[in-house]
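Look for subunit A in each of the two complexes below; its partner is subunit B in the first and subunit C in the second.
== the complex of A and B ==
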């Protein structure tokens, strides 16, 4: 008995020894991470090599890379990738333009600047569902505000979401409305970091505003702009909520992004394994994008060190 | 030693007897909780309220019905996620009939055939249920009404039964009496089309799709024009029916047109010989779908976006933007509520229009709505017995009449034949007339995949991106390949 006690005491003492306290303290977090993230991730990765469907009792069969092959040779999937690319390119460009313009505006001091800036920042603090419902109602041709205003001039209801182009524009506008303030914040951080004496020197040298922007302002905001582009590209690539609420991917499938397609495949059609394969392909793309970002940030840091 | 053994045996016997008595008493008055997944709307809300007030367990249990009210838009996903995750949360589920295959094949819904056969009360209920409902809500693999009626017995041989009606729904016409019974409008309509402007229920019984289209054209008015003696403050529209991309919000109406024109959807009762190609996109089916599309231009502009689902049509009607809509009976209650509807005191109900046949009669074949409720497979015998008691309570005539009076509906022939039934709610007469025309869409596990693709193709046609033929050709091709892959077509 005494021996057992001594042995337990020894174990406890060893566990709580100063050199083990660090691992002991992070252990709960590691366990939670493993159970909640890593294990499901590995499990779903494993499933993507089977023909498993969550609503069937059949024992899953190993099919190797067949799911990956089917996904990558499916025209429908490539069509959804194309739609996603259009949305990403249009929305991120619009966010950059608006965000940049807003940042230039708020870099100057004017009355009620803080209050107006707070209002401008509001959209990015809203939930996706709120923004989706807001724009769905805004675009609604019978009750919606947009149609109401346009009706004044045309006397006809304005039906934005009836065509592929209109619906894509509707999605892009909603996404850009929500996330342009984020770009603005990042650019603004760069703008306020530019030392004032550089502008003063440029003014003495009578440098044109464009040249002042290219040689003084842009170098300071370049890395933050890149950060904004990459953050927004990765996020917009995964766009789901706004599309699902405003158009449900329609008309037809013209606004169905790859994320909406995965959702349908996994949770409506129960193609569990195939959707897993597609999700891992998307994860791979996101990892590539993230690494591109890290590479550019590291290169920038290395340049600054020199 | 011997005495001691006898003593032990006596003690054991006494102990067993005491234990058995105790256990049986415990079983007799057990606390039973049945958790039911249910869509959040009046018919299920009423069920919960009425259960709490009136239910008394025939087995003497203290039974609690826990309703997990789930909003309609996420109902399928939530139920599917719960079932496939294996959490075994629900003992009963209100389910769309089309999900039967998916969740029966998944091993989640309980086959009740033997329980029904062994229980005279349940057999009586099955005999009293309208055959269209038994076919759509209960059988899997699906048996058509004709197949069940041909069997001639309440429980057909080689047929598995799973569900009972929780809320049997049909679509009917909601219309504005202040417009349709306006003398001036009636006279103008008569002058233009040489036809009766439908005002009474009997008038609506004679409305076919041709007349419905005329109503759409006639009542489409611009802001500032007159309508029923008043100047319009907004644009106004005559007709509406579901034309939405989500869930089944165009198929349910489009199927009616296809069937009425003599076309067909893929018939699961003919598997594996029944084909999709050549059937789904037959000439008659295309004609039916073209007919469905032909009325979209007369509808509120949201129809052109493919977002005019059953809730949007209901809202447009309640806000006074449209003169008539074809919608589910289950969505009728808010129309009569002054808190939610601007037309609560101006609304009346009639049967849904249909296609006039050569003999002058109207074919109103439609796609059934509503939901059955089912039991899950992990329930103990005690729960199964009590859940079936709940089924019997819900389908008892008294409960059904109460449900009907409070926004529910009944599928029992005896209740629908009750002399008080038609007066309980203003749409009841139309519901009885419509229920006989009901058929259902597919029940196989591939249902959602087929539906999603069909909705997508229909949506392209509704929004003018392709013709009816192109849409049905694409649907047929997809279904043929999918069903062949899964062995439903050989």
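== the complex of A and C ==
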């Protein structure tokens, strides 16, 4: 039968033969992915070795690794890396602390637990833009809630975003507010997986709460906590939307993260090739972090098989 | 000396009454068994004594002290869980040392005591390993070790052998007896297995539906069960229970059984019996013999004839199911004698009336 189909049918018949139907159905998605993602990715990688600027008509010249060299030796870039590191470190730490505390709270049973938990999870489901706008209004010196409350204690107008520390704190708080529930979910999954009889055995063995936490609870959440840290580090490392909406990198350049810097370089200064080089350096860092993440996921899976 | 007093404790889960007034007491140094089917309330009773369950009513006293309100940690008891509840992320050594840390025992002594316990329970070779790499029997012994390492005054054991295979269970029964003798601590042992209770317990309390039905020594429960429930819970194979009716002719009372008439002396009964009352006759399978082959000193005053229905060889002994006028009687025969019987064969049985237990059919209460 198959041979008759092949000899009698034309191109269409061959394409729609049963064994080709699967690839045919997947093809549109693959084509879109290639055109919209993979091709630009490779093209921009190529461009990062030229001196292309998107707002000039000049034919770009090949410059080799010059763009990478300039980016890596630029003190400004290192300063942006530092800013990003500060934001990542403080935001992830804050998320861990708050997420952990929330998880401990929701591991207990209390009235309205489900409804309150749903409310607590909401920030995670909002878009970056709405969170950014929300916090921008919240920090607003004339009618923002924060300044309003602080003005009960002092008559001076309070402008959080005017100092570089204040602006950093504002960004970190907004990001932590949005993502603490995520950490909470992961830790909570670990907490509820601890068998209840272990706690009872520990009670019989007269163990102090701290030691009980270290020896019984913590081993169950350890690997999930590591996942949370890695996941949040990768995500926060790429932070852009919230900063761009709340401070646009200011005051000065004190909250300009590396992602904001790339945006500026590419779409305000039109140093397209150079920003491409920087973007690839960041992609490399994220790939390293992601591999760490995958490694720890696999390790957790192996642990559970035990 | 009375050590542990459980006084009329009740535990309700919503509308479900798991314990409805359980009372018993345990002497110092005693091996006390709590025997009952699953969901009879054994585990809840132990958990209530340990303080893991809040009491709805009643009190628990231990060594002269009322513990009803005191927290779990302050009770000085250890408990072995049915699931073993070993800490999965700690090594066997750390598991065994776990209960000692709180007491501020010096590091050197902890090491020594763990070594002693490991030696006693033969788990020294596993000390560096994680519990999940151990066999069931080893995990069980580590769980025991963890419970006894701090030398508690009372050890609660919640069906510790239920998760083990038959061979291991047999070995562990002997192990528990040895431990009890060597350590001399009071043990309260919950089990659904009457064999465990009979072989290990110095005294047994039978529990059903959250109530203690009867308590006493294994001998007492076996030879004079107070009702049909106790009679059928204790002893293996299960006691033969056959219903009959009292008929009176002049002074003489007799019990009309399916297989004939049994003369009984009602004047020695602890309640008055009237003609027409229904009684249940109970005879243990070990008390029934084959008429042609009765032991010396056996004064058979009752004999019945029947037909072999089924043989159940158990290795050293065989259980014969005999069909006697429609009801089945079980008896135990040594293997070598049982080989000459096969299903369908006619057989004559005899037993002594002094071995028989009589119960009211309606209430199950013992009358003789």
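Assume the second predicted complex is superposed on the first by the 270 of 306 C-alpha atoms of A that agree within 3 Å, B and C clash if a C-alpha of one lies under 4 Å from a C-alpha of the other, contacts with A are read in each partner's own complex, and residues count from 1 in each chain.
Here is the rule we go by: contacts are C-beta pairs under 8 Å (C-beta built on N, C-alpha and C of every residue); 3 or more make two chains touch, one makes a residue touch a chain.
Source: prediction; values computed, not measured.
Once chain A of one complex is fitted onto chain A of the other, the partner contacts of A:142 are limited to subunit B, with no touch recorded for subunit C.
After overlaying the two complexes on the shared chain, residue contacts for A:219 are found with subunit C alone; subunit B is out of touch.
Set side by side, subunit B and subunit C differ in how many residues of subunit A they touch, and the one touching more is B. By the touch criterion defined above, A:198 reaches subunit C but does not reach subunit B.
Residue contacts after overlaying the shared chain place A:56 against subunit B, while subunit C stays out of touching range. By the document's definition of touching, of the two partners only subunit C reaches A:208; subunit B does not. Touching of subunit A by both subunit B and subunit C, each in its own complex, is seen for no residue at all. Put simply, subunit C touches subunit A in their complex at residues 50-52, 72-73, 77-79, 81, 83, 85, 87-90, 94, 98-99, 101-102, 132, 146-147. The part of subunit A that touches subunit B in the complex is made up of residues 54-57, 136, 140-143, 147, 155, 157, 159-164, 167, 247-254, 264, 267-271.
Across the interface of their complex, subunit C is touched by residues 195, 197-198, 200-208, 211, 215-216, 219-220, 306 of subunit A.
Residue ranges on subunit B touching subunit A, taken from their complex, read 76-77, 80-81, 83-84, 102-103, 105-107, 222, 235, 245-246, 300-302, 304-307, 316, 319, 321, 445, 448-449, 452, 456-457, 459-460, 462-466.
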